[in-house]
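Listed after this line are the structures, all set down as structure tokens.
In the two complexes below, chain A is the common chain; its partner is chain B in one and chain C in the other.
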Partner chain A sequence: MEPLTLQLEQDFSSSGFSRHPTWLTELMKSAFVSFEDKGYPSPREEAWRYTNVVPMTETPFRFVKDSKFSGVSKDKIKHFVADIEGALCLVFVNGFFQPQLSTLQGLPQGMILQSMAEALKTHSHLVRPYLARFADYREHPFVAVNTAFIHDGLFIFVPKKTVVKFPVHLVYFSASEGQETVTHPRNLFVVEEQGQLQLIESYAGEGTYWTNTVTEIVAGSRATVDHVRVQKEDLKATHFSSVFSHQAADSHFHSHLFSFGGHLVRNNTHVILGGEKSDCLLNGFFMGQGQQHVDNQTTMDHASPYASSDEFYKGILKDQAQGVFNGRIIVRPQAQKTNARQSNRNLLLSEEARMNTKPNLEIYANDVRCSHGATVGHIDEEQLFYLRSRGLDRHISYDLLTYAFAREIIQKVPLEGMGRSLECDLFQYLHGETSQKVPSAALPFSRGPQRTV
Partner chain B sequence: MLNINNLHVRIKDNGIEILKGIDLRVNPGEVHAIMGPNGSGKSTLAQVLAGRETYEVTQGEILYEGKNLLELSPENRAREGIFLALQYPVEIPGIANSYFLKASLNAIRRHRGQEELDAMDFLSLAREKMKFIKMDESFLNRPVNEGFSGGEKKRNEILQMAILDPKLAILDETDSGLDIDALKIVAEGVNALRRPDRAMILVTHYQRLLNYIVPDYVHVLSGGRIVKSGDKGLALQLEEQGYAWTEGGV
Partner chain C sequence: MTDIAHHELEKLTDQDYKYGFTSDIDADQAPPGLSEDIIRLISEKKKEPKFMLEWRLKAYRHWGTMKEPTWSHVHYPPIDYQSITYYSAPRKKKEGPGSLDAIDPEVRATFEKLGISIDEQKRLSGIAVDAVMDSVSVATTFQKELAKKGIIFCSFSEAVQNHPDLVKRYLGTVVPYTDNFFAALNAAVFTDGSFCYIPKRVHCPMELSTYFRINAANTGQFERTLIVAEEGGYVSYLEGCTAPRRDENQLHAAVVELIALDHARIKYSTVQNWYPGDKEGRGGIYNFVTKRGKCLGKNSKISWTQVETGSSITWKYPSCLLIGDHSVGEFYSVAVTNNYQQADTGTKMIHIGKNTKSTIVSKGISAGHAQNTYRGLVRIQKGATESRNYSRCDSLLMGDQCGAHTFPYVEVGNHSSQVEHEATTSKIGEDQLFYCKQRGLSEEDAVNMIVNGFCKEVFRELPMEFAVEAQKLLGISLEGSVG
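Right, the complex of A and B next:
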């Protein structure tokens, strides 16, 4: 048996279910059984064709239950917090909520914002109807593992007609402290009818560890949810993240994914357009360098008529990095008048970088508009010549075109302050300076050419 | 200013020879028109002058202000004062026109030993030049050429020329795709940029542009060679008799 499986079994059997309500214990057990039955995904499965998990199963990532951590200061965390005015910041270290590192004030009346550990004790009745409802652990083995180890994360409940004015910023920081550890953050965000919520989830850390996170988002009718994921894990880390969302009628869900770090990365986004006229934007940018492997899976499930979805994913790969995009659009028989667009464009900055892109449309309705396109290419020689013919150095022109490629995605992020922070991240990762803040003068767009000169 | 001697050029990828011995001399203050049928090599000549690397010079030389131009990279040619207005200006989403123009201008100014312009000084310079070619200021904040109409793209090229202040400007089919009003505006802009110390090469298929920008010399390029040279009268003759007339003379 794989070392990882042994470790998971050992950790699971010593999880101590006694503190949980019965329904949760049943859920966790059922998820673990499902994982054991199914085992690890094989490259023969379409969704795992280009990502081999066998090497990672050699590492017995340990699940650490106590939340006593030294050495993670507010200063260290600050580096991973985007400068967004008024944002509530919730910090998790090795998977556990750290109130002393977090800022929490000014919640609107009726809104519930709690660590998952806390919510399972005090608001179990609100958590239960939604937890694991859309994140299907029978389909996804690593979602099953996460579900089996549900312990902490964030729970937000936004009641009817409540507009949350401040973005909520979650920072998950892992410090592996000499041993290889795993965290299973579990987030649940429920936004009721006409509610509005903006979220940022950031992942970072130090050392060799595995983040296996699952977020479920439930948007009620006419609700609006903006969700930004920023992945800046250690370049030795393994990062698996899954977001599952379900939308009721006339709701808006805009998801922005930025994947920079990690050695082995899998970003999964699964959207169910469950109500008429709901709309979804999936905006994604990923970058890989060195030996990084970055896999992006998206599913856009049109389950209702008159819904629309827009999907833009872009990737930049350097060195020997490998990228995967597998974008699935399902249009159910009842989902007439669906409007779905998908595009995946990739820029390779070396000869050795590899990209596998696969748009995948399954259309069962007859009155729909669907389009998709995928490209893999190098820096455009005509654009390069154009910039050089105006006096710009070859390498500056090259960098500018690389930024410009990514910037199209960054510009779609609505939160003020977030765009600038992402431009800094892009600069750092492109130039291999991941350990310090970039002086703003070094950034080609620091003065915001879109706004002023 | 520019001396082209026996220039032979082929396409790097397939080895097809496009230019088969071009001789051309351009002095400061002169405006030369290069005309010719499709495929005669007009655009190739323009691109080679700007340093396009898809072409390979197999024979001959280009001297620019006494220097061997072929040894200079495209960016150094631009800094030395060569400007090519492209037939098909490239769209660059994600880079604002203003950022591009300011970076270009400052790269050229650094090379000339001039101080770089700050944002405010650049903005007032850009505003002045935009007014002069009747271009709306909003174009500064838009991504380079993205979503511009054909006429707007060409005008953007002339704006770049006005800002970058070249010594030798090469305009490749600047008239193509323009309606008569847009053509007049572009031509007025170009005429205003004529100066005793600046030379221009107009590459064009049609005589039409030359009604508005009157050249000092006209050359007819055919089959990779200059087959006729003359004054502006030559352009009119071409208009009447077509290119077949010049080919007959070879």
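Right, the complex of A and C next:
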């Protein structure tokens, strides 16, 4: 048996899952059984064709059970917080909520914002109907592991017609302190009818560790949810993240993913357009260098008529990095008048970089308009020539074009302050300066983030 | 869409399968079932040299260790391989080889009825035909004329007898018997097919073609085609097929291997019109075929063009291995599915040599309850620098019960290559229809025109006679589905 399996089994039996209410205990048990039955996905499985998890199962990542504060200072965390005015900031270290590092003020009336550990105690009647409802652990083995280890994370409940004016910024920081640890953050965001919520999830850390996170988002009718995910994990870390969202009629869900760090990364986004005229925007940018392996999975499930979706993923790969994009659009028989678009464009910057892309369309309705496109290529010589003819040297021209390629995605982020912060990140990662924050004035060609509404 | 349009479309897709008749032909059949004895029997009947029998047995033993694949997007009840008859040959009236006069008049009549003349006198603008019925080739025309140029065009059985060296050298080098379940089965039991050899620097003066006909009931057809074009050779090869209307399903598992050496070009066109089953989805041919071409030499080119209208299930991926530097692979396909037909088809372009180029154009039309899937792989290997691929897959949906799916795989292993893939799925645009009608066209003509326009990019690649036939076929298969 793999060392990781042994460790997981041991941790699960000593995690104290049976102390929870019966419904939760049952859920965790059945999730763990489902994981044990299925085992690790093999590259023979279609969804894991390009990502091999066997090497990671050799590491017995240990589950941290107590919330003992591991000496992470506010200054260190500040590094990973985007400078967004008035944002509520919630910090989790090694998977546990740290109130002393967080800023919380001015919550609108009726809105509930609690750590998952707390919410399971005090608001379990609100959590129970949604927890694990859309994140199908039978289908995804690592979601099963997360579900079996539900302990902390964030729970937000936005009641009817409530508009949350300030973005909620979650920072997950892992400090493994020389040990190989795993965290299983679990977030649940429920936005009721006509509610509005803006979220930012950031992941960072130090050392060799595994982050296995699951976020569930439930948008009621005419609700609006903006979601930004920024992954800046340690370059030795393993990062698996899954977002499952379900949308009711006329709701809007806009998701932006930025993946910079991590050694082995898998970003999974699963959207169900469950109500008529709902709309979804999925943007993604990923970057790989060194030996990084970045796998992006998206599923756009059109289950209702008149819904529309737009998906745009871009990737830049350097050195020996490997990138994967697997985008599925499913249009169910009842989802007539669907309008779905998907695009994946990739830039390979080195001889040894590799990209595998697999944009899928599965269409069972006839009155639809669906399209997808995928390209893999390098920097266009003609564009280079143009810039050089204007007096820029080859090096700067190259950087400028690479930067512009990525910036198209950043520009779509609607949050004030977020764009600028992401541009800094992009600049650092493109130039391999991952440890220090570069002031934005140092960016040679930044004119500040442009807002697209 | 309006009621009239709906009606027209229904009329258009309702037309019957023209080739569904059976011929009463005395046949020499092996008992049903599959075993080493049957394979020995087939090999013996065909008077094969020993290496062939050994190869068949190896393939059979390997097949026994394999599992039937299930990854495709098609559904069918399990096939009982023991109930299939693996050998059925129309009996010859007179013994003696080769002469076109020796053919059973009933066989001749059958092919006449299909519009395939096996009389050289009534030659159809210079097409040499190899006519295959059930398990054997019954006639090959223009052999002598072709031989003058050094071209070998004959049935596979003849090739095994007369050119064993060539067969031995090339058989299984593109599709080895270990390749997949159906290729292994084919290697064990294949009965006939066509063999074609183009010598150095010869431009084949006429189109070569093979016409496959299934006639006997409860049989499977397993044929094998091997085309070799030597340095600088050129050949255009066509393939057509039909089968009678029957309520049970029949299996057709063929293998096609193409080999192009330096500067050689092979153009392979298929108009596949096996019996598609009836409106309730009863009967029809399972068409599980492995087709692959190897661009072995530099500057070589292999081009696949296919029009798939028949078969209850089509499952095939004509592929190109682009090994030689500067070699070119092309794939043009129109796949039409109606009623309960299912198609899972596409291509694989494996770029191995430097500066290799491939183009994929696939058009899928789905009507009734049909499911139409494009599945394709473009792989640029690390050493295939400066390679280029362009893929375009469009699907047209006609009817609210059908499905159209696209599963492209793009794997790029170096940074100097460029790959583009585009796909769209939609139904016939109301605005397009409106425009045509507003110019005075009837709804039927408008739909016909739009569908034909949709497929034009592919039809353009077909040889003349085939293009006309393909256009007609398209009309027939879609009859009654406009709506």
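Throughout what follows, the second predicted complex is superposed on the first by the 444 of 453 C-alpha atoms of A that agree within 3 Å, B and C clash if a C-alpha of one lies under 4 Å from a C-alpha of the other, contacts with A are read in each partner's own complex, and residues count from 1 in each chain.
Throughout what follows, a residue touches a chain if its C-beta (ideal position, glycine included) is under 8 Å from a C-beta of that chain, and two chains touch if they have at least 3 such contacts.
It should be emphasised that the depicted structure is a prediction, and the values quoted were computed from it without experimental measurement.
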- Query: So, A:K236: does it touch chain B (first), chain C (second), both, or neither?
  - Reply: neither
- Which of chain B and chain C A:S350 touches, first, second, both or neither: second
- Message: Applying the document's definition of touch, where does A:R62 land relative to chain B and chain C: first, second, both, or neither?
- Response: neither
- Message: A:N366 in the overlay: touching chain B, chain C, both, or neither? Say first, second, both or neither.
- Response: second
- Item | Partner chain in contact with A:A404 - chain B first, chain C second, else both or neither | first
- Query: In the superposed arrangement, which partner chain does A:L387 touch: chain B (first), chain C (second), both, or neither?
  - Reply: first
- Message: Show me the chain A residues, by the header's touch rule, that chain B contacts in one structure and chain C contacts in the other.
- Response: none
- Message: If we count contacts the way the header does, which residues on chain A are in touch with chain B in the complex?
- Response: 380-383, 385-394, 396-397, 400-401, 403-408, 411, 444-445, 447, 449-453
- Please give the residue numbers of chain B that touch chain A in the complex, ascending. 50-54, 73-75, 77-79, 83-84, 86, 89-90, 92-96, 98-100, 102-105, 107-108, 111, 119, 122-123, 126, 140-141, 143, 160, 164
- Which residues of chain A touch chain C in their complex? 46, 333, 336, 346, 348-378
- Note on the structure: Counting only contacts in the complex, chain C reaches chain A at residues 71, 382, 395, 397-427
